[in-house]
Amino acid sequence: MSESPDVFAKFETELEVRPDDIDLYQHVHSTRYLDYVLAARFIQMERDYGMSMRDFAERGLGWFMTQSNVHYKRPLGLGDRMVVRCGIEHFTASGCRVAFEIDRLPQRKRSCDGFCDYALIDLKTNRAVPVPADIRGKYSI
Amino acid sequence: MSESPDVFAKFETELEVRPDDIDLYQHVHSTRYLDYVLAARFIQMERDYGMSMRDFAERGLGWFMTQSNVHYKRPLGLGDRMVVRCGIEHFTASGCRVAFEIDRLPQRKRSCDGFCDYALIDLKTNRAVPVPADIRGKYSI
Amino acid sequence: MSESPDVFAKFETELEVRPDDIDLYQHVHSTRYLDYVLAARFIQMERDYGMSMRDFAERGLGWFMTQSNVHYKRPLGLGDRMVVRCGIEHFTASGCRVAFEIDRLPQRKRSCDGFCDYALIDLKTNRAVPVPADIRGKYSI
Amino acid sequence: MSESPDVFAKFETELEVRPDDIDLYQHVHSTRYLDYVLAARFIQMERDYGMSMRDFAERGLGWFMTQSNVHYKRPLGLGDRMVVRCGIEHFTASGCRVAFEIDRLPQRKRSCDGFCDYALIDLKTNRAVPVPADIRGKYSI
């Protein structure tokens, strides 16, 4: 454990609001922000950590969300572009907490932030398993 | 083929608009009407035909949409209830056309109608297969 | 403030999973649970509190989510029915916290629970406003 | 009418599948393809035609879909990128038909194609209105 850094890297992905994300208040529907985080995270797992969701599935593993927390600051609207910044906050025995921030472009004003807790799951048993050392290594950057 | 009826039964399912279906024009988003048809169809397959999507999957089969056509007449709005009426219009060698109508309740004014073409797929090969006689029997009511 | 009860009423609404809620893991997509809460809440505002979202809009007011927190326990799947239980946990100067629980039917096993914080917004200025006494009265049951 | 070209320009927009677009069959959910078309169209209206949905709204006008038709050829999957090609096929008195094709990148194999019919709507009356000459001009490229 002593080799793990105390602070982990954050990665950024730019996304754009889709018209079907807009709700009756003319803003991005509140539940879609986590979908942006998820989309950014999938891209970053492959591009930045070198181990994609598909790679996990091929080892019989999946990440299941156990908790989500979102603070909504300023809503995004039609046609807005954003940057989604994600990084691991800490590991637990069988998972990790991913913190995120979504900033509206181009001014990078905070739209929302929060975190998601994940458990690593054996897809055959649907039960949480300890994070293997090699995976923890790949994600401890 | 001569035992098949020329006209097949239609079945009705009542559904309610969810707030997340509403779009920036304060109406149900245009792509959600087919989701209502799909929801009604899943219910009717189990309740009215006695062979659910899960039963198809257990035989290694799935229904894939090959064409959809929707005529939009009157939009549904927040809190609206509807009846979704579906029925097989005709069979093809490896599929069928399902016609649908969505009427707004309680006045039953037409909101939209159209059809979906489906192909029966072998889930292992992802290829269309002829509709087995017993399935065609179950669905020829 | 002294007339307000310490514990507020909880209300229940039954809903059913739609096929388009299912994600690549064959379960309800994690962000849809809050959509179920929102759907239940809209129904309960009209049916149980006697003041619907539409009534708020007619007074130039809207509820904006400022924080959401969800603990995911057991995923829902295709065709599942659920009961969504919601109630106000406490009021703040310009809003309230709504706690929720989603239980799978018919056994009522917990699927997820959590809370949403809302701010009452003047729809013209998009700014938070104090909760008017008559509204606080209607919702303090 | 004689100044209008017989064949109108087609424009391309690249998009990427989001994880929340994937359904229980591990493919993009059938109703999401039209959402990709809509997203591409909104971008193209602003970027290529020089008159965005917002510009229409400021003139009290909106485009309502009256018919959609989609032929599904090859499903898109998790992480796929696509190009969405759209163009006006013809004008009607109060609207137009937009044809589209979605090709999977990088091989540009056809995923689906089809068309959407739109009516131009006066947002105050919710009724179809003739397409004004200047708008028809801007879009006749």
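The letters A, B, C and D name the chains in turn, as written, and every chain counts its residues from 1.
Basically, contacts are C-beta pairs under 8 Å (C-beta built on N, C-alpha and C of every residue); 3 or more make two chains touch, one makes a residue touch a chain.
Here the structure is a predicted model, which is why all the values come from computation and not from measurement.
C-beta contact counts were set side by side for B-C and A-C; A-C has more. Here the spacing of subunit A and subunit B, counted between their Cα centres, is 35 Å.
Subunit B and subunit C have Cα centroids separated by 30 Å.
Chain centres here are Cα means. That of subunit A falls 25 Å from that of subunit C. For subunit B, the set of residues that touch two or more other chains comprises 19-20, 31, 35, 38, 78.
If you draw each protein chain as a dot and join the dots that touch, every dot ends up joined to every other dot. On subunit C, the positions that touch subunit B within their shared complex are 18-20, 35, 38-39, 42, 46, 52-54, 78-79. Those residues of subunit A that touch subunit C in the complex are listed here as 25, 30-32, 34-35, 38, 62, 64-72, 75. Here subunit B touches subunit A in the complex through residues 19-20, 22-24, 26, 29, 31, 78, going by the rule given at the top.
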